[in-house]
Structure formats: structure tokens, C-alpha cells
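Just so it is clear, A, B, C and D label the chains in written order, and each chain counts residues from 1 on its own.
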Amino acid sequence: MDFDQSPASRDMAARVRKFLHEHILPLESSLLNEPHHGNPDWHSWTVDPRIEALKAKAKAEGLWNLFLPAVGGLSNADYAPIAELTGLSLIAPEVFNCNAPDSGNMEVLWKYGSQVQKDEWLVPLLNGEIRSIFAMTEPEVASSDATNMRATIAEDGDHVILNGRKWWSTGLGHPNCKVAIFMGLSDPNAHKYLQHSMVLVPLDTAGVKIERMLPVFGAFDAPYGHGEISFTNVRVPKTSVIAGLGKGFEIAQGRLGPGRIHHCMRAIGAAERALKLMIERSMSRVAFGKPLVNLGGNRDIIANARIDIDMARLLVLKTAWLLDTVGAMGALSEVSQIKVAVPNMACRIIDQAMQMHGGMGLSNDTPLAAMYAYTRVLRIADGPDEVHRGVIAKLELKKYEK
Amino acid sequence: MDFDQSPASRDMAARVRKFLHEHILPLESSLLNEPHHGNPDWHSWTVDPRIEALKAKAKAEGLWNLFLPAVGGLSNADYAPIAELTGLSLIAPEVFNCNAPDSGNMEVLWKYGSQVQKDEWLVPLLNGEIRSIFAMTEPEVASSDATNMRATIAEDGDHVILNGRKWWSTGLGHPNCKVAIFMGLSDPNAHKYLQHSMVLVPLDTAGVKIERMLPVFGAFDAPYGHGEISFTNVRVPKTSVIAGLGKGFEIAQGRLGPGRIHHCMRAIGAAERALKLMIERSMSRVAFGKPLVNLGGNRDIIANARIDIDMARLLVLKTAWLLDTVGAMGALSEVSQIKVAVPNMACRIIDQAMQMHGGMGLSNDTPLAAMYAYTRVLRIADGPDEVHRGVIAKLELKKYEK
Amino acid sequence: MDFDQSPASRDMAARVRKFLHEHILPLESSLLNEPHHGNPDWHSWTVDPRIEALKAKAKAEGLWNLFLPAVGGLSNADYAPIAELTGLSLIAPEVFNCNAPDSGNMEVLWKYGSQVQKDEWLVPLLNGEIRSIFAMTEPEVASSDATNMRATIAEDGDHVILNGRKWWSTGLGHPNCKVAIFMGLSDPNAHKYLQHSMVLVPLDTAGVKIERMLPVFGAFDAPYGHGEISFTNVRVPKTSVIAGLGKGFEIAQGRLGPGRIHHCMRAIGAAERALKLMIERSMSRVAFGKPLVNLGGNRDIIANARIDIDMARLLVLKTAWLLDTVGAMGALSEVSQIKVAVPNMACRIIDQAMQMHGGMGLSNDTPLAAMYAYTRVLRIADGPDEVHRGVIAKLELKKYEK
Amino acid sequence: MDFDQSPASRDMAARVRKFLHEHILPLESSLLNEPHHGNPDWHSWTVDPRIEALKAKAKAEGLWNLFLPAVGGLSNADYAPIAELTGLSLIAPEVFNCNAPDSGNMEVLWKYGSQVQKDEWLVPLLNGEIRSIFAMTEPEVASSDATNMRATIAEDGDHVILNGRKWWSTGLGHPNCKVAIFMGLSDPNAHKYLQHSMVLVPLDTAGVKIERMLPVFGAFDAPYGHGEISFTNVRVPKTSVIAGLGKGFEIAQGRLGPGRIHHCMRAIGAAERALKLMIERSMSRVAFGKPLVNLGGNRDIIANARIDIDMARLLVLKTAWLLDTVGAMGALSEVSQIKVAVPNMACRIIDQAMQMHGGMGLSNDTPLAAMYAYTRVLRIADGPDEVHRGVIAKLELKKYEK
């Protein structure tokens, strides 16, 4: 195991850090308390010109699409410290064009897309001109078990007809969101790894309907959010199928590995931000004649946070190194391990940071509450803790089977 | 210790339960997903006629103001099971006119108010015609340490002049909110228990300004919410002072005991609701060919929830019994004990119930996310966990001092 | 629910407490560090005359057999505070003749024994002249699942022939241990609740062999301990069968309810003792210029211990009250609840008390290490946590079945 | 960070693993249940010829003194996987002559000893012919705060006179234990880092008295154990002082870094052993018709154990790498981090493994109970958790000081 950052990664990380402190964090603090942020009516959500300006600036400085090895030139291990930096702020991932689910969708198109698909959708995504959703999770069934999926993809000559209802489609509310990668059953009688397909669907296709946006703890996270969307007899040409019918499961597997690790890298950053805010608060806030840091178990909380973050980061780095060296199939247990360990750790530390701030910690006067909500989602998205623990245990038990 | 419910309490509880199931729960499920619930612009918040209709109905049936012993005829121990029932729904407390902070404010006025004060403010509060705030917590200082308070009350002839900034004033955004109980320093040089006073301030008095409403996890909980409010040279007649200058600390102590126990009783109800939802979900939702209840550690979660709720309820009942039999000063440790134990327990169980629901659990499709936010606030409001643990330890150590 | 102690119980508790402080605790502190306590060679274990002297004294004062309602005149609820007091010291239960497993065995004989059985075994047990074991758990199978039991009881004319191997027979190593209640399968084809029987077996019967004593964390707890014992073609008259063949399951159910609650009551006492030692240590021990109680999170530990003990005690009292008012079948969930909650709570607090004592806490210079070992056993004995959680969940789910 | 094992380390690890499985584990299983293991009378403890035979064999194969870089040629990072292997068995460290406290004492003599001291004590220690103690901790004071130390070292011409009482001197009961490294105050008025000295004291010197051996959870761990020892006017030549008067603190700092990391490496091994035993048990033991691994939350326990062990190991590797690359002063926080994280993790997993074994898990039929006791000691030895958390927090806060 070699966790050393390459010089290119170190250099990039330094530039990302500088950009973050100079441009992103100052904007973040004002954004959170602006009224539009909490606007539940997604029809009126708008693109924020200040974010667009930062995107342009980041792009101009080459701090752009770093998540994609073929573009940014960084291995997973090299990207990890940069992804962690982007996790320090809720808006940083978008500014650097490496936010979920677009980054995962771009990876899918990069690896599996036809040239036509790339020209039509990958290019504007890479340019940050449009946004996209990944329409996999369904409201009626437990999506943690992929065999439950009910959405269908029926062949009809040169076209396919899509039907189904999806939810928790992240980013659906954004005005620039133009396309969905829709996953459904194209052949329920095939081998279980060959039943699904993925199809590119422009959101303005007839039969596509945004049903509603879903709040998390009551907040809609405008203009991104998570949405519920229905597909009723949606007809698109077969050329919209990604990599051919029956390839859905394979693509999903490939997509989720890096997707999960990127989530975890960013969650490490969120935990570091929480620890920083916790410490600054505990040193400055006075009660009973002492700074909080000298009261009760607060130093224990700080010490445990440092330990837990450092252990979690090392496990993420190990997983990244495995992805780089032996590939996703050699890191199945590790990907599930970080998916369990990191969001739980981050939720715990963010919660403690909120508590250290008193009521302020629950408001939008710090990014903590929004970070908590975001990180809490991660304990469910891309497979809940329970499913990942099951995977880890299964792989562990396998070592003992004869 | 005798925790038996009186026949009057049993009867009342049965009627409250019936009302809750017939009228409140059906309304709650629709309310949570209506757009106005998440509207961050408090200026446009409105009174919900469906809530008002239920209030009228509850009042007509005598299910009204039960929290107030002198009105409802119930001891703390007798009120406990009823308060727990009201905690099963987020909107139930208001329907029965026993919601915070109005219930606490009514108690203050009942016990300490002059006849004029009662006529002007207590009567409409008891009627559910107006709402009120309790303006104690301040943004600049750690309010967990009362000696930090900075708001001032200066005598000026027949008047007092108020200055200060308060936040986390619950219910400030409601259109019917008309009056504040303002707490401030009236004599910083007096004995530390005689420095503070409480003053009734109509919200339309010159110099009173609602600065903003504060979100919790990004949600504003319209039309109630928590607000930030400033008082700048606010001039009110001395007759607005409650029980005389210097009585603030005494009143606060008396207010917070029952206030905390009411919060805890309701949080027990919230935990019971979460357990119910968790079980129903785990029995109906299928993954990997089995209902969730037969997967992994889910039965352990259910069992532990039952144990933890039952233990917490017993401690709340004991505390109520102590309040009834030996008074607040004889229950100092117990009030702090439940203030620590119950919200933490409820947060944990609600969080597990959310997890059992997958993404749905974080949305407003169940009341769980809103309940989590509400209960999470309780770990800070009326004294954070840390301060209450300090009180408990101090009282415990006292037993060993010679 | 009425948890008030009767005057008789209060009076008895006061006398038990006095006896404990005057006679038992002083002896305990010397006993733990005496060499014979740790002697692993059970053949050389001896009866301690100091214990016997205290037994005689307790008996003379009427502080004797209080666990048995028919003898001591105390309900379960009334016995609870007394049992808790006996849990303050590891040797107290024996001194008051209410130690496991003899107390449970005496209950069995009191309720189910024939007159001959009572004369032969109950009388000397009630007198504290002999000791007994309850031979139920078997090494080869998971005893948490009663249907696994392999020991057999075969009819042979006027006799029964016993075969089987048992372990974790508590108290087997004591020189005064004279009789076993042996449980085995008498009719494997009967209904599952009628397959088992219990038989009284003098330990000097041919075919009975003490195989070895079992250490807990390496310590043998002389002269009591837990033993492994084999029964090979052991022939005893049918009059030794308790309550007739096929009654084993029924008797076991009746025995385990009170047995478990007694364990839990004593574990509450152990936790109280640990909290007391923790506080005394934390007030007297100085590090970095301060008593430990003013360092780090130690006050939080004390506060949480107080909360947790008080909640657990209330649940035990409720369970005792249920046993008294509706019987064991009406308290199935509660008995399992305390069996999970109390030993876990006590282990946690004792562990924290050990930690507060540094190295001393792990030695025998305090009773904490022995108490930890004893309490840790309780998480397995009479059904492991896991099985009891399963029972609780099952009963909880039943409420939702139609 | 580069955690790759060198080829030399890989090769050595393979040989250690083979030796462990072929020779050590078979012996271990019989040793634990032999009567002498639990013998509390240390005067009769004997050297086990089977252990000595394995030591000779290991030495002959070059699997000897690997902990010492200058001898074994392994860096800390390279030694880590080997130390972990030795932690798989309680007796392995001695067999490979790398057990505490001898390994630490050998390091001290290697780095700071005079040639005479090396010839007299280091050589036989390196040969495994004698054993030694490190006499630092004192019963009367909190040793976690070094400034509390009371033992004295007075100059008297060419000699020094030692007085003091020490306890938790590991290995004191072994018949081959011949020498103590005694730490005491030689100049209480000097700078606080120059007050202490270390002196080599043969245990047969006049005035040295073994007061008693200390049990852990009641067990004496013959023939090693932890002892209490007094030094009364013990006179030794000044040539016995290690590295000169006043060097005690410096040596202690140097000794404790690697000492702590070795403890942690071995504790990782203990946790791995516990996980292995837990899995094997859970796959083979049947209850309610299923192997335990398919019951309740047992797979979650296994998954969490895998995650926690892997994270802890990575943190230990990072710490080893820091020790190798920037030295002990550059790894202060990390050494404290692993000292907190690893023993707590190992205790938790071993406890869960015990629980999975039922009663058997608490006995000596598996090594789990002894491993638990050993690992529980580590939460106190070489600085309790609380002190290490304090160090971590202090270093963390320092980053924010201006």
C-alpha cells in the first residue's frame, strides 16, 4: 500500500484549497441564509449567477472535472485528497464540476457512451452547461435489493418504451437539469445480471413528468434537491440505450464503486470542517467562566473526532489504492466498509459540532445543519448501511468456506 | 412511588386518544407535504383553518388546557400519559392548546400574573385566540449559563425600558403571536438570583422587531418556527412587569421544571410513534425475499427501542410524581435526568425508524423527519445535555460531601 | 403501578442495610485478597467459617430467606429493594441465604416438591446447611434454545436413569453442595412443552462426576464457581422426580422468571456500589493538580450512571409489580427487558468505575473486577441478551398482527 | 505514506505465521486449562519447559528479537505485521522474545545502556535467559501524571539509595525475572524533565521485596502476572544508573512510544483472532434451527468488526511509518490515537466474540477471556485512555492557537 500523493495531486490540491478559501467559503456563508435556499417551490428555482461565475473561474484555472482520471489525470488515490477538500463546502463540488450525480453520469458516458451520446450529453456535462439525474431508486420497492426494480424498458422497433416511477433523483429540481439516465428491466427472464438496461432520456420528452421535489428534514436544498419523476410510455430511439440492452447491471456496478468512494471522500472533508468549527467554537465561546473546550467532556469529543476522521480517511485511501491497483471487483468489501464507516462517522462528528454550537448549530448560520442532512442521506443513498454490512459479512464468511 | 393514573386521567386519555386518531392524524399526514409547510418567507405565513377547526372541536369537547392543573384538574403524574399522547403527532399539542411555549407562559401568568395581566393576556391564551413567545435565549452569549444574559430592563418612572436581542423564540412567526415574555437584567448588582425580571411586551410595541426566522436543518416549520427578535429602547408601563422587578429568576425556575417535563412526556410519545412506524414498515417492506423485520439486526433495534422507551417513561413518571409530592426543588436531579435521557433516546429511535424507511424516512412522507428535527432541538433548548449532566453530577457528589 | 415499599419492606431493608455495613462489607474487603479466593484447585476448597458465622447471625436476626414470599412475607416488589441491597456485596446474598441458584431451587421445591422432597432437601437448604446446583445448561448445544437439550431421563421401573453432561452449574465447587436439580428429556415425542422433567440427584450418587470447575476471566471464584458435571447411567428412585414426569418445562418457566428478576435486582445493587466507588475515587484521587472529578468527562460518566441506574431500577420495580399483580405470563416482555437492560447497564458502569480506579480497579483491591465478572456472566446465563431481545421483539410484533 | 511491507518483512511474517500455527497455537489451547495457569500462589510458579523448548526453536530459526531494529533489521512499519501475528496468541510474544516489558527494557539498554550494563543484563535478555520488570507505576499516586511520582533515588558517594513502592510491574512473578529498571526522583528541584532517573536493580538486592502479585479480574496469569514490589533503602552502585542521573524522563519518553505501538500491533492481532473465533463459532453453532451467523444482528457484528480492525490497523501502520520517518516527536498525537483506539476496539470485538460463544467464551476453553483481560489492562497501562485523549486534544487545539 502506497498512499503517497503524486506531485501533480499535491499541486492540484494546493490550488483547490486556495480557491476554496478565497472564493467558495465566503460565498457559502451568505448563500445558506438567503431566502431562495429554502424555497420549497421548485418551479421558481433559479440558477445562481454567483455559482456560475465561480464555475467559470474554476474552469479557467483548470480546477475542473478532476474526478475523471482521463481528463484530470489523477488516479483515485490522487483524487482523494482533492475530493476531501471539495467536501469542506457544500457548494464546492458543483463549482469544480465534480458533484453527484453528474460526475457519476459523466463517468458512465465516458466509459460506455456512444460517440453520438457523448457529443450530445457528455460534452455539455463536462462543460458544466447542463445537469443530469440518475433515475434508479423507486418508491414502491426496496431499492437496496436490485431484483426488486419494477421500471420497464420495452423494445418497439427502433425505439424503446419506458415506464416507471423513480424518486430520490438528486439534482432534478435544477433549471439546468436536462437529461436522465433511466434504469429499468429490459428482459426480466434473462440472467439476473442481464435483465437491466440504461437509457438516456431528455427530460422534455413526452411522458416524462416531475412529480415533486422531496425535502430532507423538511428542507428542499434549492436549486438542487431530490425529486420524484414518472415515466409514462416514454418513447426514445434505441440509440439512447447505453452500451446496448442488458448492460444496465454491469454499468451500475461500475458506476457505484467510484460514486461511493467520492461520496466518502467528500464526507471526510465534511467531518474535518465540522471538527474545525467545533474547535473554533469551543475556544471562543465562554460559559461558566471558561471556554467550552475546558468544560466537561469537550476535549474528549475533539480527540475522538481526530482519531475517527484519521482512521476513516486511511480506509478511504486504501480503498482508492485498491481501485487503482486491482479494480472495483478487488475492493468490494472495502467499498462497502467505507460506505458504512464514513457517513456514520461524519454524521456523529457533525452532530457533536452542532451541539457545541447550541441553537446556532441547528440553524443555517453555520453549514453544519445542511452538512448533517446531506451526510445523513448518504447512510441510505447508494445502498443503506444494512445492505453494505451484509456484503462485508458475506465476503468475510466466504474466507471460511471450504 | 405510586404511578397509577387516576380514573379522571384514564378517561381523559381515552378521549384524547380517540380524538387524535379520528381527527388529528388524518390531517397531519396531508399537512406535512403541503407547500406552505416549507415556506421560508414568514411574512406570508397564515393561520391554517383546519387547525383552528380542530382547536374549536377539542375545546368544545373539553380536551383543552389539560396541562394546567388548576384548569384541567390533573396532577403532573395524571397529565403525563395525556401529554405523551399529544406527542404522537406534531400538531396535536396546538390542537389541545398545550403547546410550548404557550403552555409555560400560561402557567407563569396563572401563578404570577396580576389580574390585569391575566385579563389582557392569559384569557386569550387560554382561549387559543393568541400565541406568545418566551424571549430568554440570546445569540451573543451562552444562555446555558444564566449569568451571561445581556438584555436589560431599566426603570424609567412608571415605565421600564427594554433593550436586547433574543433568538430561538419558538412560535414567533405565527400570525397570531401577539405578546412576548421578555427576560432581562433589571439589577446587575443584586444577588444573582434577584438580578432578572420578566416583562410582558406586546409585539406591536415600538422598538420590537422580528429580525428573522431561524431554520432547523434548513426547514422553517411554518407557521410556527423559531425566531430572532430585537428590542430597542422598548418602553412599556411598569404594570407589565410580572410579579415585580427581581422576580425573573424565580419565575424562570418555576417555569422550566414543568416545561421540561412536558417536553419529555411529548418526546416519549414521539418515540412511541417512531417505534410504531418502524414496526409497521418492517413488517410490510420486503427486501431479499423477506420482510425487513426478518433481516439483520432489525428485531434487536425494535427490542431495544421498547426497553429504552419503557425505562424513559418510568423515569418521567417518577419525576412527575416527585413534582406532585415534593415540588420542583425536590426533583432537581430527576428533571435534569429526563432532560438528558428522553430527547437522546427519542432522537435515536426516530433516527432508526427513518433508516428503516429508507429515503422515505428522510422526506415528509412520514412525520419522522420533522419529529427528529423537533426532538433534536430539545437536546439544546431549556439547557443543553451538557449543562443538565453537570447538574446531576453536582447533586450526586453532594451526597458525598461532609 | 404502585411502587411504594410496604412498611415491612422498609423496616427489613433498613436492617439489611445496617447488617451489610456493619458485618458484611468489612469482611468482603479482606476476603477478596486472600489466597484461597483464587485457588483453582476446587478439591481443596473449604467452607469459610467467617461466612458461616455471619449466616448464623443473619439467621438469628431474621434476615434470612427473604426472597421466598411464603417465608419472608415479602412480595416481589417488596423484596426488590432488599435484593438490591444484597447486590452491593458479592458475599451478601449467601449470608442472607438468598443466593443463586439455591434461592431458585428452594422456590422450585417450595412450589412443586413432594413432602418427602421438602423434608430431605428443602429444609436443609432453608437452613443454609447445604447448597445445590441447577443442572440445565449443556456444553454441546446452544442452551438458549431449549429444544436443543440432549440429557435424558429414562424410566426403569420405580427408577429413572439419567444421562447427560451439564456445565455452568453455579456453586458446584462448594463443599456443602449436596444435590442437583437435573433437567433432561423424558419424552422426546411429547408436545414440546411436555418433553422435559426435573429430578433431584444427590451428588454422591453413583455415576455423578464433577468433571472440572470453569473459570470466568481465568478466576475460579472459590469456593463457589461454576462447574461441569457428568451423569452416566445415574439411577434414582422415581420419587426424586419433581412434580411428575413431563413437568420440567413448566417448572423451568416458573423458576426463571423470579430467578432473572432477582439477578437484576442484585445487579442494580452492584451498579450502585460501582457508582459509589467511582465517586469516592474521583473525589479523592488527584492528577494534574485536580481531583479526577474535575477532569475531562468524568462528571458526565457519573451523571449518566445515575440516570441509567435509576431508569433500570424503575423497570425492575415495574416488572416485580407485574409479577405480583398479573403473574409471570403477564410480564414476559418485561422480564426479558430487564434481563437485557440491567446486566448491560451494570457492566458498563462497573467498567467505568474500574477505569476511574486505574490499575487498582482491575485488581482485587476493590470488589469491582469480581463484580464485573459476575455481571458479565449474567449477559449469558438464563438466556443471552440476543435471545431475550428476540422475545421482546416477538411480543412487540404480535401487537401488530391481525 | 507508504505502507508496503519490505520483502524481508513479508518473508519473516510468513515464517512467523507458519511457526505460530504449527507450534504455538496447539500448545496454547492446552496451556490455558492447566491448573498451574490459575495458581494464585506465585511462590510456586515454575518455568514451563514447553515454552522454553519453543523459545529455543524460534531462536534457532531466527524468529527472535525481531522487535529490535538493530537486531531484526526491521523498521517499525516492517515489524508491525509481525507483531500483529504475535498478538494472535497470548504466549507467542514470549516465544519470539518480543514480549512486554522485556522488549521495551531491551530497547532502553540497547540505546542508553553502558557496555557493562549491556553485558550484564542486555545479553541474557536478548538470549531469553532472564526476564525483567519496568518499575514505574506507584500505588499511592495517579501515575498518569508523571509529576506525581514519589519514589526516590538519592546519591550516596559512589552509590545511589532507592526508596519507593511500585506496582503493576508486569512479569514480576516469573521465576526467571532477575532485574528491575527502577524509575524515581533523583532531583525534585530540577527542571521537570530532568528530575527523574532510571536505575538497574537486581531483584536479589537487599531491600527489594516482592509484596504480592496482583490479579486481573481475579486471575494471576501465572507465571507472569503483575506485581507489587517495595524498595527500602536499596543500595546499588552509581554504575547502575542508566545514561546518567536526570535522564529518566527522556528515556521513558523514548521507551513508551515503541512500547505503545507494539502493544497496539499485538492488540490488532488479538482482535483478528477474536473475529476468527467469532466467525467459526457463528458458522458451526446452531440455535433455533439456524447457524448463529444467520440469527439476529450477528452478521452486523462481524461486518463492523472487519471495518473497525482494518481502520485501526491502518492507523497503527501510519504511526509506525511516522516513527520511522519523522521520529517519536512527530508522532505524538498518532501514538496517543492508537493507544486509545486500538485497545478499545479490541476489547469490544473480543467481548462480542465471547458473547457469541455463550458461557464457553468466558471460560478458558478459548483464549478470548484471557485476551479480554490482557487487552482491558492496555486501556490503563502506559497511560489511561483519558490521558491520551487529553494529549490528542491539546495537540489539536494547538493548530488553532495564534
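We adopt the following convention: contacts are C-beta pairs under 8 Å (C-beta built on N, C-alpha and C of every residue); 3 or more make two chains touch, one makes a residue touch a chain.
Being a predicted model, the structure only gives us computed values, none of them experimental.
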item: Centroid comparison with subunit A (C-alpha atoms), farthest chain; value: C
item: Pair exhibiting more inter-chain C-beta contacts, B-D or A-B; value: A-B
item: Separation of subunit B from subunit D, taking each centre as the mean of its C-alpha atoms, in whole Å; value: 53
item: Rounded Å distance, subunit B centre to subunit C centre (Cα mean); value: 44
item: Subunit A and subunit B, separation of their C-alpha mean positions in angstrom; value: 36
item: Where subunit C touches two or more other chains, by residue; value: 296-297, 299-300, 386, 389-390
item: Residue ranges of subunit C in contact with subunit B within the complex; value: 1-4, 275, 279-280, 283, 293, 299-300, 302-304, 306-307, 310-312, 314-315, 317-318, 333-334, 336-337, 340-341, 386, 388-394, 396-397, 400
item: Subunit D - residues contacting subunit B, complex; value: 296-297, 299-300
item: Contact set on subunit B toward subunit A in their complex; value: 33, 35, 37-41, 137, 139, 142-145, 148, 167-168, 214-221, 226, 285-288, 292, 295-298, 355, 358-365, 369-370, 372-373, 376-377, 379-381, 384-386, 389-390
